[in-house]
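Shared between the two complexes below is chain A, which pairs with chain B and chain C, respectively.
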Partner chain A sequence: MTKSLVTLTIDGIEVSVPEGTLIVDAAKKVGIDIPVFCYHPKLHPVGMCRMCLVEIGRPARDRSTGEPIFDEDGQQVIHFGPNLETSCTTPVGEGWVIRVNSEKAREGRKQIVEYLLTSHPLDCPICDKGGECPLQNLTMEHGPGTSRFLFDEKIDLDKHVPLGELIFLDRERCIQCARCVRFQEEVVDDPVLGFTNRGRRLEIITSSDPGFDSYFSGNTTDICPVGALTTADFRFGARPWELNRAASICPHCPVGCNLTLNTRREARAEGRDVIKRVMPRQNEHVNEIWICDKGRFAHHFASSIERLTKPMVRVNGDLVQVGWDEALVRATEGLKDALGRSKGGLVGIAGGRASNEDLYVFRRFIEGLDGHTVLDDNLAGGDLTREMGVGRGTDLGQIGPGDVILVIASDLHEEAPIWWLRLKQAVERGAELIVANARATRLDRYAAHIIRYPYRRAVQTALGLLHAVTKRADLSPFVGDKSLQKVAKLFMKAENAIIFYGREGLDYKASEALAQACASLLTSTDHVGRANNGLIAVWPRVNTQGAWDMGLQPIPSGLGEILEQASAVYVMASDPVADDASLETLLREDTFLVVQELFMTPTAELADVVFPARSFIEREGTYTSGEHRVQRFYPAVLPLGGTKSDWRIVTSLANAMGIELNFPSAAAVMLAIAESVPNYSDLTYQALTIAESQWPHVGGESLYFGGNAFKNSQGLGVQVGPAAEPGEPSEVALTMPVEESEEDGLLLVPITRLYDRGTTVLPSKVLHPRLERLHIELNPKDASHLGVIDGAQVEFRMNGKRFQLPARLVATVPEGIALMPRSLGVSVVNPIPVQISSVE
Partner chain B sequence: MRKNPLELLRGLWTTFRSMLESPVTYQYPEIKRPVRERFRGRHELKRYENGLEKCIGCALCAAACPADAIFVEAAENTDEERYSPGERYASTYEINLLRCIFCGFCEDSCPTEAIVLEQNYEVSFTSRRQAIYTKDLLLVPVPTNGRQTPMKVPPGSFERAVPEMEDAK
Partner chain C sequence: MLAEKYSSEIESILAKYPDDRKRSAVLPLMYLAQCEYGSVTLEAMIEIADLLDIDVTQVASLIGFYTLLWDRPGGKYRIQICTDLPCALQGAEEFAHQLCEKLGIQLGGTTPDGMISVEGVMCLAACNGAPMFQVQGPDGIQYHERQTVESALALIDELRKRDDSG
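Up next, the complex of A and B:
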């Protein structure tokens, strides 16, 4: 659908823009800044502040004939109205003449500034926005310099209003633009902010309990054109001009939001560089100009004082700190010794938190010693997302009418908030969303179709869908009801289709079967190998996709078996013991264990040698997002003394063990990756830094326009395509699900919550009031059978251990199910039947 | 040029007369020469009469300083622990006097007249570390009738983000 172009003249410059474009945007596109406060390119215009006043001239027409009027020179007569008009609410018209910088328009805007400042407190010296404040900047540029209003008539309002635990409001500074209110309503659909009262007494209030309850609340501080909204994390932390900045990538989920880390050397931190705040960096293909509050506030782990800073080796049963040389010698000897023994070989376990460089080097090292690499993760299908992942040029921001998205077995709002947001927006543009899950999630409200299946029947549901599409005879046991047929039809006629699959309620094998069914659904409807088509896994970690691409994958049956046979185990960026305490005995025995970690994790506690690794803020590297976009992160602060990047630790050890692995830099590792990983073949660090200009303009000169998110000049990353070519007939092998016998009791299902209590979240004190507490969620009916009321303690036994914790009654939990959020203290890896009873 | 003996005598008279005048040199350090009113010596961080610090930790002095001699780190006041009447105070305030060129820009830029270049010119150090004047060295003593900071104040006694000042004199 192409819109016809409209040509108009703005301050003498002729511009052609699509019909319906607002004057303010048209002007910005040719570099003319019309000042705005309430307008924001990502929000609907409301015309509340009147800052964008311009003179608009329209071609005069003869009243009787409607014909344009020409003067004696043959020039069309332009008629200017008597009043200034708001350019943020007026779409362009053919032949219009706009005067932005005329005397009259400038005077009009000058008066608006004077008016806005009548009751502004002029807190600039201590205001967090001071230095990057649209009101400050536009006042300097357009304001009158003096005021005719009386200083004493300013009204005093509350200056310290915690809207929630994360965001503070200063009522005096608010200029009532409603950007925050509209962001919450229009963009993220959490309408928890509102206005109360009228006129000068108008105030922002929050209507939720807890206050300002939204995973996206921090973004309002970026688009607030004054310092009325500040974050608890950065409040009075530093002045903006004192901050250094480095481009980075959020390490918390597979979306891979682009970040800018603002750092400063602090006396409080004993002269160390610390992250003062995390800001979104614009990438319209990934996170636009938004990030979720986890990305914004859960960064403190990287500068935590709990970090490991010295290598450690086990001496007489205890871990003691030693120098690098000694630790390397110990690790080398230990590994050689262990591998020399007759028992099994070396097992290398790595997690999806490591960068591509780390993982590549890790695999080369472990395989060089004839060892076996394992990815510590419990979602399958990375091979399928590599083959049938989304095609090059995929942009969730382009998904619209005629396109279909299926989300199955995942709660995106909790697992990957920005994907949730992007899918919500796709629906608003006209895409059709199908949400399949065993329980209601927040994505349901945008779904055209909701498929509800019992836990453990996700695969059957996907196969039913596949049957409806292919009518394959072997799939007839899975024939579903009418709604599945409808969804299948949607798929068949969809222009583009993307499937997001997750792991809710699935064990590893079931997730593999689900991935196969989904991939098969895509291939049989010809939705692979093209932009905006393909399979996306909702990985539990930021770089799980990269780990698969680097050649690592999990073991379907879990780690137990392979660890039993191993004589040496090498663990990088993973903590298997925390997830499965039963592994402890296996690692404790006479296995030689080397661990590279940030923290003293339960796994590291068992190690013979521990190497301190660098966190993502201290080093460079790349992550591959779930959408297969490879993105670079840069060092933001000086490394913690004594730490090394994971890949460097591995290469030092490799060289000490006689395996040639020499890379001078992370960029050199990337060159080696490009040589050996097929779809990464045209990647270089340079290619990853290319950043073409993006709309809307943000930051810097344009912070009044798009807000304080940072402009992206460090690279948009490169999306690597799937291995499958378009049209290539690809047959996906299917695994038929085994029917599981119904057992007594409730099925305990692990689910993901954004604010968990994992090692990367817990050090962020600012999030503590919002962190989920250990609990179990029950359906009210089951609860009443068990005699459990909301908040009461319940107990159950699992793997021979007894657990006691409070129950929460939640109506959306299906009957016969108990939900257990992950990483809160009780580790549940796979769904497991349990007997729950109430504790008197 | 013609020589005028009278001029010569006049010059000698000047010399002679100054022999009878009292000397202009001072026997420093026993005797100290008073400085001009607007002399710019070592900085002081001022307090209000009640003892609260005038500095609100805005770091504008640090931004104005052409020698990058000032380092400020701020924190938020509470009514339990109040340092300044504003919302914010300087938790760290340091001036590196080896860097300072005594231009007085910091004083000019301060919104609360907290930092003032006073008349003390007797600054000498034997190490670089000593050249860094920390907040406790720069802060003036608590006035009589004032209280030491941090002080506990009744809730709501100070509500302005930037304290309202009398007009500069």
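Up next, the complex of A and C:
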């Protein structure tokens, strides 16, 4: 439904905007900046700060007839009220005349600035915001320069108040705009900030445990119009004007949030450029102007001193540092020798952390040597998301009334926080959300329907839904209850439908069956091949989708079998031994192992040759997001030591092995990708840099309006469409689930927590107090059967090893289940029955 | 736990509000907690937040706004003197200052015997009776208008006696 247009005049400029637009936004659209502090285009207006005062003239009307009044010259008479009004709370009216820069309005704003400064400490020289501070800028523009208030009557408040481990509050600098309080309440629904006291003694408080308990807390420092909120990471770290910037993409999850990396050369780093802070870069199709705290704070791995900087080769059993030439010779000889032997061939294992360019040349290299490529991942369905993924033009920000979203077997708040946020907002616009999982998650709060199934019954549930839609006879064993019928009806009448599927409680094969059932549900309700419809996988890594698109995929039965056959193994951006220690013996034997890595991982420790790779901050490349948006990241700092980009390491070795792989640049690799990968055919590095202007305006000149997020001038990326055309009859083969026999004991299910202890998180010390600790979560009933109390130690045996760890009793854990967060020290890839007992 | 001791009171407070406006019960519940514990303790705030399905910060932030409520222990009787503008013009600030001097405490402080706290508060809607204060104690809230330091001290003596005999 389009809104009718309203025409008004602002400082002499005529503008037509949709009915309901606020005056402040209408002015911004024609380039007139009305100053604001409390107003933010992403928040509901409150009119608290009074900075946006303007004169509003409304057409005069005859009181008896209601007709407009005209003067002698035939001009409509405009009445201006006696008082200034807040342009941030007043929607436009037809024929109105707004005076923004009249003497009266300017005087009003000058008095507001004078008042705001009565208790402001004016410590700009030591303030992190100084140089990019709306209060500083607007004081220069509108302020009086002197104050009539008495310095002795200034209210002194606390200056270094930790609101938690991540965010600090300076109470004196706060101008009480409530942007942070409102962001936490309205946008991310973590209402852990509040105001207490009154008047000039008003203070921001948090009572949550831990303090300021929110995965989105860092965003408040971007929209804070003064230096009241600062991050523990950047606080007193640098002045904004000293910072250089580079566009980047967050490497932590498949959302692909757009980032700006701020860098500075530092003596402390021996004159190298270092990352000083990570900021959101506006992309309204992906992350708007927000990022989660993991994206903001977990960047230190990229500049960790633990990074590998020189190639290494194994000499007499030990890895020793050598030059690139020697390492390449050793790798070439080793590979030739191993492949020359009669035993099986070459296996190339790569992870979803690598860029499209890396993965493409990797596959060409391994296949050039007649080897097998394997994607190290345990979620299936990349072929289906390639065929039936969301259509071109998909924007979660446009999902609304009449649209349906199903999230199954995933906890988005922990796995992909910005997707969680985008879905919450879709519900607020009127979309219907269905959340299906074996346990309660944060997304349930916004769900129109919650489907709860026992772990190991996710596939059956999806097939039950499919039966309700198709009435296929072969699916009758999965007929579900009435709630499934209801959800099926929603799907059938939905204008648009998207399914997010994850891997919680599933092994690889089950995830494949789930992906098939979900894809089939979409095709049989005609929800594929067009914008805002299709299948999205909640991948564990940033570029898992890209890896599938580049032609890599996992082996359903796991790595064990193929590694047993292999005489040489090449590993890139993956650490299979950390996930499955039993692979160690297979790789240790007479297998020739080459690893390219950032760190000395358990897999790298077994290698015959180790190549040091560059991290995402030192190189360029592209990632493909879960929504199939291909996005570029750029080098932000000079490469560390003797590191090289993964794709370059591969091409050097390929050429030494006699395989023609010559690419002068990452951009050239992309051209080759465009030639051979169908959906990528119109991609070039130039196309990826196109950035149309976006609303709202943020950053730069508009930082007081939209906060400190960076305007996107380096590219919004290109969404590649799915292979399936709309209306194309596409039959998805289904795999029927195998009923698993109930075993004794509890089913140990790995789950994902945002702050884990993986190699890309642990080097960020700022996050340490918030990192999850190794533990197991039990239902209180199971725990009481086992005689376990909250916090007590329990033990279990798995794959022949004994593990001991503390238990937490959590009421939302289903009975018969033990949950264990991943990447905390004990590796559990698939759900596995265990016998848990209390440790005396 | 409040819920155990005052389940019927809590039920009747909650019954006054529609199910989707439960959070409106936050003030009466905090007053209940304060009458029980002498101040709204963190444990009580957490319990109230759970009862109303809101964040504990949303409970805690109200305490600073309302002079009726406090989150740390004070005297058994709290003498709350209105020091807003109309009362200040009638000498409320001077009155508060002198009273505190006589009691040997700072404004906001508590006498060593733990009996009396004196606080300056926002408007109590009795400007015509300034200087005035309210006394909050175990037996509820009473207004005392047109006060002098002498009349206030006499009242304090009486409060102390009442406590001895009770």
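As a convention for this text, the second predicted complex is superposed on the first by the 840 of 840 C-alpha atoms of A that agree within 3 Å, B and C clash if a C-alpha of one lies under 4 Å from a C-alpha of the other, contacts with A are read in each partner's own complex, and residues count from 1 in each chain.
In this section, contacts are C-beta pairs under 8 Å (C-beta built on N, C-alpha and C of every residue); 3 or more make two chains touch, one makes a residue touch a chain.
Keep in mind that this is a model prediction, so the values were computed, not measured.
Q: Tell me the contact category for A:Phe236 with respect to chain B and chain C: first, second, both or neither.
A: first
Q: Looking at the overlay, does A:Ile205 come into contact with chain B only (first), chain C only (second), both, or neither?
A: Once the two structures are laid over each other on A, A:Ile205 reaches chain C alone.
Q: Check the residue A:Asp123 against both partner chains and state whether it touches chain B (first), chain C (second), both, or neither.
A: first
Q: Per the overlay, which chain contacts more chain A residues, chain B or chain C?
A: For chain A, the partner with the higher number of touched residues is B.
Q: Which partner does A:Asp33 contact after superposing on A: first (chain B), second (chain C), both, neither?
A: Neither partner.
Q: Could you tell me if A:Glu165 is touching chain B, chain C, both of them or neither one (first, second, both, neither)?
A: neither
Q: Name the contact category of A:Asn197: first (chain B only), second (chain C only), both, or neither.
A: A:Asn197 sits against chain C, while chain B stays out of touch.
Q: So which positions on chain A get touched by both chain B and chain C?
A: Touching chain B in the first complex and chain C in the second, no residue of chain A appears in both lists.
Q: If we count contacts the way the header does, which residues on chain A are in touch with chain C in the complex?
A: For this pair, the touching residues of chain A are 190-198, 203, 205-208.
Q: What residues of chain A sit close enough to touch chain B in their complex?
A: It is residues 121-123, 125-127, 156, 159-160, 170, 172, 235-239, 241-242, 266-268 of chain A that touch chain B.
Q: Touching residues of chain B toward chain A in the complex: what are they?
A: 56-60, 62-63, 71, 73-76, 86-88, 91-92, 94, 111, 159-162
Q: Which residues of chain C touch chain A in the complex?
A: Per the stated touch rule, the residues are 42, 45, 54-65, 122.
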